[in-house]
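There are two complexes below, and they share subunit A, which is joined by subunit B in the first and by subunit C in the second.
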Partner chain A sequence: MNPTETHLKLDPDEVGIQDAESLLHAIQSDVRYHEAIHGCLNCGVCSGSCPSHRFFDYSPRIVVQTLLSGDAEAVKGMMDEYIWACAQCYTCAMRCPLHNSPGGLVMIMREVAVWRGMEAVHRLLKPYGRVLLKVLSIGNQLTPDMIQPDFFPDWGPKIPWSSTDLAIKRQAIPVYTLQVTNSAWRVSPETSYELYTIYEETGVFRLIEQIDPNLYEVVADMVEELRESVEEARAR
Partner chain B sequence: MPTELKTTGWDFVTTKVDKRAIQHQNPEDPREHLKELEEKGEVTVIHMTEENRPITVETLLGRSKRIPTNKLWHHKSCGQCGNIPGYPTSIMWFMNRLGLEYLDETHQTSCTAWNYHGSGTSNLVALAAVAVRNWHRAYETGYYPLIHCGTSFGNYKEIRNLLVEHQELRDEVRRIMNKVGRDLVIPEEIVHYSEWLHVLRKEVAAMKIYDVSHVVATVHPACHVWKMIPEDVIYDGSIYGGERPAPTTAILLELGAQVRDYSTWYDCCGFGFRHILTEREFSRSFSLERKIKVMVEEAQSDVAITQDTGCTTTLDKNQWIGKAHGYDYELPVMADVQFAALLAGADPYKVAQLQWHTAGWEKLLDKIGIDWRTSKQQYESYLEELKAGKAPDQLYPLPMV
Partner chain C sequence: MTNVMVVGGGPAGLRAAESLARFGLEVTLVEQESYLGGAVARHRYQVLMPHFDSGPAVLDRMVSAVAENPRIHIRTGSRIGQVEETDDGFQVEILGRETGVESVRAVVLATGFTHFDPRRDTKYGYGLFPDVITGAELEEMMASGPVTRPSTGEVPKSVAFIYCVGSRDRQVGNTYCSRVCCAVSAKQGIEVREQLPGARLVMFYMDVRTYGLWEDELYWRAQEDAGVVYVKGRVAEITQRDGRPVLKGEDTLVRGPFEWEFDLVVLAAGMEPGEATAELAAQFGIEREPHGFFQQTRPMENASVTSHPGVFVAGAASGPKTIEDSVMEGEVAAMAVLRYLDSKVTV
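Moving on, here comes the complex of A and B:
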């Protein structure tokens, strides 16, 4: 690979291409790659302070070593399940004596895994539908009406209180923008309109269409409806 | 060793391993490059003005950072607003008490980085465009962006650095911004609310009406606040000997609380982005084993004090389930600004909004001497009034519609 050949974002036309060499090339040509990897002394400082290393079969040192080895099959093997254990805390990046960012490398690998439609991604993202719907439609990721006892039974007996009479309890927060239930704050239609343009121009909508067509159908309807209403308002 | 192997081995070391020299070089200061880009007319920089009343502090490498204190645009956090509403409310309550000007409005999205770190369903250009759209919105209002969320703060600093380093990224983001009627702007500093609280800690502590010299607090610093772009983080020689970040600990000391150390101070909370939603056994095991248990057993902590969204949620929400394994700690968890607001007389229900927290906090308030029972009664009456159609109270005048 030509080390100067880099890309800002992945090509949506390459969805489904999963041969190992092509995946490795997509990772190594990411514009951030060479800033996240400078070599490795195998010192293990990253793994020694990694929260996921403590609980899973996961080691940031192995992520770095495998990428440096250039073993495309081994890299592909990690993208299926291994790298999804990373908690994205960036303790590894702060502590690495060579200024590597194993957490940053994991993000590049996750992005490639998603954009190439790898099998594990469909399973891993399935429980993520509600968050994706919110982030795609209003640019919020957690909203008050998502905190329901059915979804968070392990959060204890106070959760049912949080979801009862929610609209009134949200009104009792003395901040105008927060007095809503289906969004973390009121998001203006103009803002969502601009967000949709960003998602369209950066390939995010197209990506969602590829990996979750059902979700995309719901999002596409919302986008169309909002665009019509904003354009009507502008015309007035 | 054969000569050939020696040669190839050395090549390997020099090309792939021996970049150790970089550890002796400080990372470049992106603000210097930003200034050059501005001089060339490549980008518009959002500068602080006198109206922002900036205060200068020192960061990890001895660099200066200016923290604006007035005329601020609230870049809210979806996790805070969604499930810890007393967090942003306390920030705005203090700004009212201090007579500071601010703007809280609806033309903001989140940074979308929680979803990105959790699912990978975004990309660098999309993240950068979302950041710049929010920055530009602040810029056109004339208010300086104040970032509430730790992940937004870390993410925006990374985006700022990447925009400065890569012309192709700037060009692509500018193209998209032009499509939405905006332009490429970059703030001169990315500023987290904990930094704002830090530089105003003396003014905030002067409002204190409760003594907390008998209260033991443990601090959980947020990873994305101090581990991402660490050279930008505020350090102070008088806090932990200058070896750990100063914000949050410094305000607690100023308020007169006992801040106790514990052996897992450096660990993350266990949030994990995707883990808090889909690998919850990790989040609760880590938060209990590595944080809550240690804070209570080693430090005999009365309260865990946080400075970010995900940490507050993870440490607070995962305590109840621990009872199944004999962990019965009930350690109150709240942000530094909520704790400070309580000590300055803020209502625990109406302002600090502690009713949304799951770990019991009532014993802590009893220990401090805050009458939460009366507040609870008033809050319940207020809910009835709202149900009957009363217009809700607001911290600031409603926008003109």
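Moving on, here comes the complex of A and C:
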């Protein structure tokens, strides 16, 4: 394999291309694909193990069988809603007698769905706007100030305590970079600057522009501001 | 007098020893346990698949044929030590009550198998939940009394059989089919039904491999005569609720996800190479096949030929096998030894 090849062939020019055959091709040409699918005996140990299968119209076995069938339209149909019920717990992969990883296949399908800006992604990723913004701005996913009871209605009685007096509690952590509440650890402006360059070069910003123009506007302002201040600092 | 060594005193080894002795050879039969009969004796099989023969009767016939033959020298409680090749055979050290070195012209390895230990596949909770037992343990239970729940001693109202435990599964490192468990489970279902007329009996399978004549004699009979229900789905995990095993999985053909309680769960644990297989292969200089069993190098000609002249294999030591096939291979190995010795004399 070409060492410069990325694990997923994310070609910026492919953002928005959504015909079924090209989606299936993108999934099957992922280098992880052949590690994640070998054959299938229809034994059902994956779906039997699957927490989502108990409660949703979702079966890891059907994901594997549909991919093996090569039916591109059916695969595309799954990418709309079906595969998003997977909790990515990978119990299926732990149990499959053939060492398939249905969870891994779902991950590939989701990445392709996001990359191609499928309609489902707009809908399904909406609740993750805050997370997305954090990832884009500083590379963190969840930060302490995001962990608030309002966003986690299923918290038990004890955990909300940890969301109070955050600043003081964070100061108690002996690792220097962790004494912040609006990021998971202290991120330097130079780090964000490099991150933005990577997002730009790899087409992530183009993707965001395509799937969430409002978010992109916020991000674009943020990027511009940070770049100016870093470049000014460098010039001094 | 020509001396041949047979290693392993199960059905294959007993048959090989008996036949070789009848053809006039002196046979040393080495068995690591203190008794003869292999797995049949170890688990006290009462009823044998596929023809419902009496296990004790078959065992008695096999063992007495060997024990009563003056040309067969039985060395129980013994293992193989150093092996040296000589011009006309092997010098084999026997370790045991009477340690010594035997000079033999040929060797038949009939060392059998061990059952897969389901503790290695933690999803079944074997060793943790008392009412989850193996098929071999069910045989032992039926040999000593009625079928009961180990946890309470009560008569079970429902029994589940889980197929392919330790077989056909990369997760546990065994990618082969153990060949007999489907049919043995069907046999056990039929037997259990006789004891438990009202019980719910369910087989959980990936595929049902009741080859050839076993199809109607075991698989159909289990359903039609014994009212055993077959559910296609590999059980994903066993937990316990109120002291009863709970089986979770997917009925892949009909009902989707299930979570069903059973009083007793029987794991059809597959076959693995016997513990000494790797060591014996090294001692006698023979190849093993990719799953770890002794390699049959020319199976199209003779099932017992290995990669080393003068060393032969019989029974489950070369792969999962029924008792009757093991007996047959014991006979085959005896014939192969004769041909081998004959060719050495005449060539």
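Note that in this section the second predicted complex is superposed on the first by the 196 of 236 C-alpha atoms of A that agree within 3 Å, B and C clash if a C-alpha of one lies under 4 Å from a C-alpha of the other, contacts with A are read in each partner's own complex, and residues count from 1 in each chain.
In this section, a contact is a pair of C-beta atoms (placed from the backbone, for glycine too) under 8 Å apart; a residue touches a chain by one contact, two chains touch by 3 or more.
Everything numeric in this text was worked out from a predicted model, so none of it was measured.
Participant: By the touch definition at the top of the document, which applies to A:T177: first (subunit B), second (subunit C), both, or neither?
Facilitator: Only subunit B; A:T177 stays clear of subunit C.
Participant: Give one of first, second, both or neither to describe whether A:L68 is in contact with subunit B, with subunit C, with both, or with none.
Facilitator: The answer is first: A:L68 touches subunit B but not subunit C.
Participant: Please determine whether it is subunit B or subunit C that touches the greater number of subunit A residues.
Facilitator: B
Participant: Would you check which partner chain A:E111 touches, where first means subunit B only, second means subunit C only, and both and neither mean what they say?
Facilitator: first
Participant: Considering only touches as defined above, state whether A:L133 meets subunit B (first), subunit C (second), both or neither.
Facilitator: Neither subunit B nor subunit C is touched by A:L133.
Participant: Applying the document's definition of touch, where does A:V218 land relative to subunit B and subunit C: first, second, both, or neither?
Facilitator: neither
Participant: Per the contact definition in the header, classify A:G203: touching subunit B only (first), subunit C only (second), both, or neither.
Facilitator: After superposition on chain A, A:G203 lies in contact with subunit B alone.
Participant: For A:H53 in the superposed arrangement: first (subunit B), second (subunit C), both or neither?
Facilitator: The answer is second: A:H53 touches subunit C but not subunit B.
Participant: Using the superposition on chain A described above, determine whether A:A120 touches subunit B (first), subunit C (second), both, or neither.
Facilitator: neither
Participant: Mind working out whether A:M94 is in touch with subunit B, subunit C, both or neither, as first, second, both or neither?
Facilitator: both
Participant: Touching subunit B and also subunit C: which subunit A residues?
Facilitator: 41, 49, 54, 94, 97-99
Participant: Over in the complex, which subunit A residues touch subunit B? Could you list them?
Facilitator: Answer in residue numbers: 8-10, 30-32, 38-41, 49, 51-52, 54-56, 68, 84-85, 87-91, 93-94, 97-99, 107, 110-111, 113-115, 121, 124-125, 127-128, 131-132, 135, 138-144, 146-147, 152, 154-159, 161-162, 165, 168-179, 184-188, 190-191, 194-195, 197-199, 201-204, 207-208, 211.
Participant: What part of subunit A is in contact with subunit C in the complex they form?
Facilitator: Subunit A residues touching subunit C: 41-49, 53-54, 59, 61, 94-99.
Participant: Considering only the defined contacts, which subunit C positions touch subunit A in the complex?
Facilitator: 123, 164, 168-171, 206-207, 232-237, 248-252, 256-258
Participant: Which subunit B residues qualify as touching subunit A in the complex?
Facilitator: Of all residues in subunit B, those touching subunit A are 16-20, 22-23, 27, 76-83, 85, 88-89, 92, 104-110, 112, 114-126, 129-130, 133, 137, 154, 162, 166, 168-169, 172, 175-176, 179-180, 182, 223-224, 226-228, 230, 266-268, 270-275, 277-280, 282, 284-286, 290, 317-321, 350-351, 353, 355-358, 379, 382-383, 386-387, 392-396, 398-399.
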